[in-house]
């Protein structure tokens, strides 16, 4: 049944899925996203960052706090007691901007993909917010799940998935 | 000074910008974003939507509520009394997935770009959440400001900006 | 157009109404609700209250805090800077339980009926919560607007309205 | 001691009850409530709903999100990791308005009655909000627990309770 | 490694510590704080309190609610399902103001020191808020952990710690 | 009437004060607080900070976000659209720890003392949280208003006030 929309019940209305019968297992999800910007904007952040680190530091904190807030943002997400949230922000290898990667862990009954994606999204928005005076044209993209493990549906990785397709 | 990072103060540390001296003007911001997905995932949403409309309806509500929540998500955003938030979700012209567009209005002292971008981002995450049982490989992208008006820095549109560059 | 559903746009989808064009006027809304309970439950609260006042005091605080939180609870409500919230809790004249009355004031562009009704509802739920060990069968009812004033649609009162009908 | 007010400590002041010693059991609570309205208001919602389903869809989402938010609304409620929240909204058999029913599940140390009642209350308030332009005189009532199971105090149902009394 | 800053990772950036590998044990933390004020301010609260108890009652509720909200206030705190929060407010023995003591319990993987300290801080702020019309010069101080038990790092008490030092 | 407890109404119960009749004026409040710690703890933060700045950077962000959240933490505070929040964290002149100073501005009907004090308190708690693995005995104190201006009650400063007394 992996191809059904999990939140749509028999009558087609949206509901929080019942995870009460699921076993508690170790869950990990890793997600990424990027903020694409002009080279001079990146240079502004980089130089400011070299001195004080605040754009990146602020975005990391915003991402971590957002992960904990996921169930109040995404209507059908379950409230979860996350055991770890990590957010790393680095320059993209191609120099096109900044890349955000979030890792979320839980010992629980449901996956933490949404928590990782929410951390990435809010960190990217915070970068946008702090640099938008210099560059309103920045774009956020490539926001996606990289891997997940744990739970009945098993492990998944973008690399393997892409290979299959 | 349009090229400075507005939230970095003289000492390089992050602060909420003082907008107390700014005039209250009518502000509008429009932003967009897309969830790229496999054709069969789009078909699943479309058919479910034809019947009950819940994936799209839920994502719209999540986006609207998130816009109102922006100041508690993005560390240096000002709390604002938005006068209007609208979220529209449609299929992309190229059939690659769903496109979210948010319009936010305010009569106030600061722009509402972040509110529009936050609405878009959370609506996209909600779409991902509700369809992820069928397709973990979906990607969120092209999240960006389309236009803003009002305020001292004047009007801006992606079209004009791209044309200039 | 008083008979249209104000949050449904031309395409039938839900949106936050644009109040940007409305004038700022003084707004007041008064709402009420009751928790119906067994006489012995009321006596328990009354005697506890006579000594320390905590069931009623806690419910009042919960109601006041909830009024300020309305825009994050009710999807299409506007965020507002309430100038006053008052919650009064008294025994019903017929002895059937407790009656909650909330008064909310705002100098702004939209009415505060929902804030008053939300204060009443959460205060009633708090009373239920604090007394439910003694009486699970309590019922919350007669939650309704008593009056509103201010705004283009003018004044309204339940008494006058009932008289008309 | 079922007749004591559980949140009042030995000195009569309000406190969160210690549930640390309680066993984790499966908990279910079902609650209901109604929004009473004029036939023409119900017809407006019904016809709007037939087309797009947004009043009811929005109210359902608001109810689900509120259930997850219960511990931040009701002062002495424990934070809980709900495993399921479901909200159903239907027309009342007597045609007097809409009836909301919420079901909440948890594997935990304390009951979820308040979460079910909060979901019902906020869903009803959302219905009121979306239809109030047409009918300010609507009334919310019959908000009450239908049944609960799990926990040391055992099962309870309104039907059985009423029969006893 | 008790002397390392636990939230700083190998690269010196802040992260939520991974508590996934920690055992669930019974945790208790007790913290205190005081609001120092002029004798006549204390007398105002005392007399008001003798009649209705609202300054102290309101501050207690604010402290309890804040404890549940800790993970959304303190960036690197884990979300936790607290099993008990108690807040007691009494006059200081030296008559210099009010003393707040909070006790928080959890059966979980991480300590609850921050929850106890947050409850104390917000209760103190609430006392300040409610009495500030009479005395803006009040000072909050002596906010500190009194004891904690449970977890790998073992028990700690201020008394023993002070004795050691 | 400056010596009355402003939130206590005629019947002695707590209420949000009505500020609807107050004029909108420029308001500023400055507050301070300190985290007292062992010299080696301060050295740990200082050296970590020299490299990456994260303890102090994280605490500043937490303080700014908390100021915006004041009305949902302190029961009788009004929701406000702050125009500026600034938080500065420096070493105390006497070397006893870190000092936090918050400045909050508003063009509005009520003062922002509580917002400044809340920013200070949460920033101090965050410092405690991030350093507590090294030093559980830290103490938060000297949390107090330094000055306020604007509003009918006029300006106030601790220096002048102390001089008077």
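Letters A, B, C, D, E and F name the chains as they come in the text, with residue numbers starting at 1 for each one.
Simple rule for what comes next: a contact is a pair of C-beta atoms (placed from the backbone, for glycine too) under 8 Å apart; a residue touches a chain by one contact, two chains touch by 3 or more.
Everything quoted here is computed from the prediction, not taken from an experiment.
*Asks:* Using the touch definition up top, find the fewest steps from subunit B to subunit D.
*Replies:* Graph distance in the chain contact network comes out at 1.
*Asks:* Chains in contact with subunit B and with subunit E: which ones?
*Replies:* Under the touch definition, subunit B and subunit E have A, C, D, F as mutual neighbours.
*Asks:* Out of B-C and E-F, which chain pair has the most contact pairs?
*Replies:* Of B-C and E-F, more C-beta pairs in contact link E-F.
*Asks:* Upon optimal superposition of subunit A on subunit E over Cα atoms, what rotation angle is obtained, reported to the nearest 5 degrees?
*Replies:* About 120 degrees of rotation relates the two copies.
*Asks:* State the chain with the largest centre-to-centre distance from subunit D, centres being mean CA positions.
*Replies:* In terms of C-alpha centroids, the chain at the greatest distance from subunit D is F.
*Asks:* With centres defined by CA atoms only, which chain is the most remote from subunit A?
*Replies:* C
*Asks:* Can you spot which option in A-F, A-E or A-B is basically B-D again, with over half of the contact pairs the same by residue number?
*Replies:* So the equivalent interface, with over half the same contact pairs, is A-F.
*Asks:* In angstrom, rounded to a whole number, how far apart do the mean CA points of subunit D and subunit E lie?
*Replies:* 32
*Asks:* If you average the CA atoms of subunit D and of subunit F, how far apart do the two points sit, in angstrom?
*Replies:* Measuring from centre to centre gives 38 Å for this pair.
*Asks:* Spell out, as numbers or ranges, the residues of subunit D touching 2 or more other chains.
*Replies:* Correct list: 13-14, 52, 54, 57-58, 61-62, 65, 69, 75-76, 79-81.
*Asks:* Give every touching pair of chains, nothing left out.
*Replies:* All chain pairs meeting the touch criterion are A-B, A-D, A-E, A-F, B-C, B-D, B-F, C-D, C-E, C-F, D-E, E-F.
*Asks:* Would you mind writing out the residues of subunit F in touch with subunit A in their complex?
*Replies:* 52-54, 57-58, 61-62, 65
*Asks:* Once bound in the complex, which stretches of subunit A touch subunit B?
*Replies:* 2-8, 11-14, 33, 40, 44-45, 48, 51-52, 54-55, 57-58, 61-62, 65-66, 69, 73-77, 113-114, 117-118, 121-122, 124-126, 128-134, 136-145, 148, 156, 158, 161-162, 165
*Asks:* Give the list of subunit B residues in touch with subunit C in this complex.
*Replies:* 26, 57, 60-61, 64-65, 68-69, 79-88, 105-107
*Asks:* Considering only the defined contacts, which subunit D positions touch subunit E in the complex?
*Replies:* Within the complex, subunit D contacts subunit E at residues 9, 13-20, 71-72, 75-76, 78-81, 108-109.
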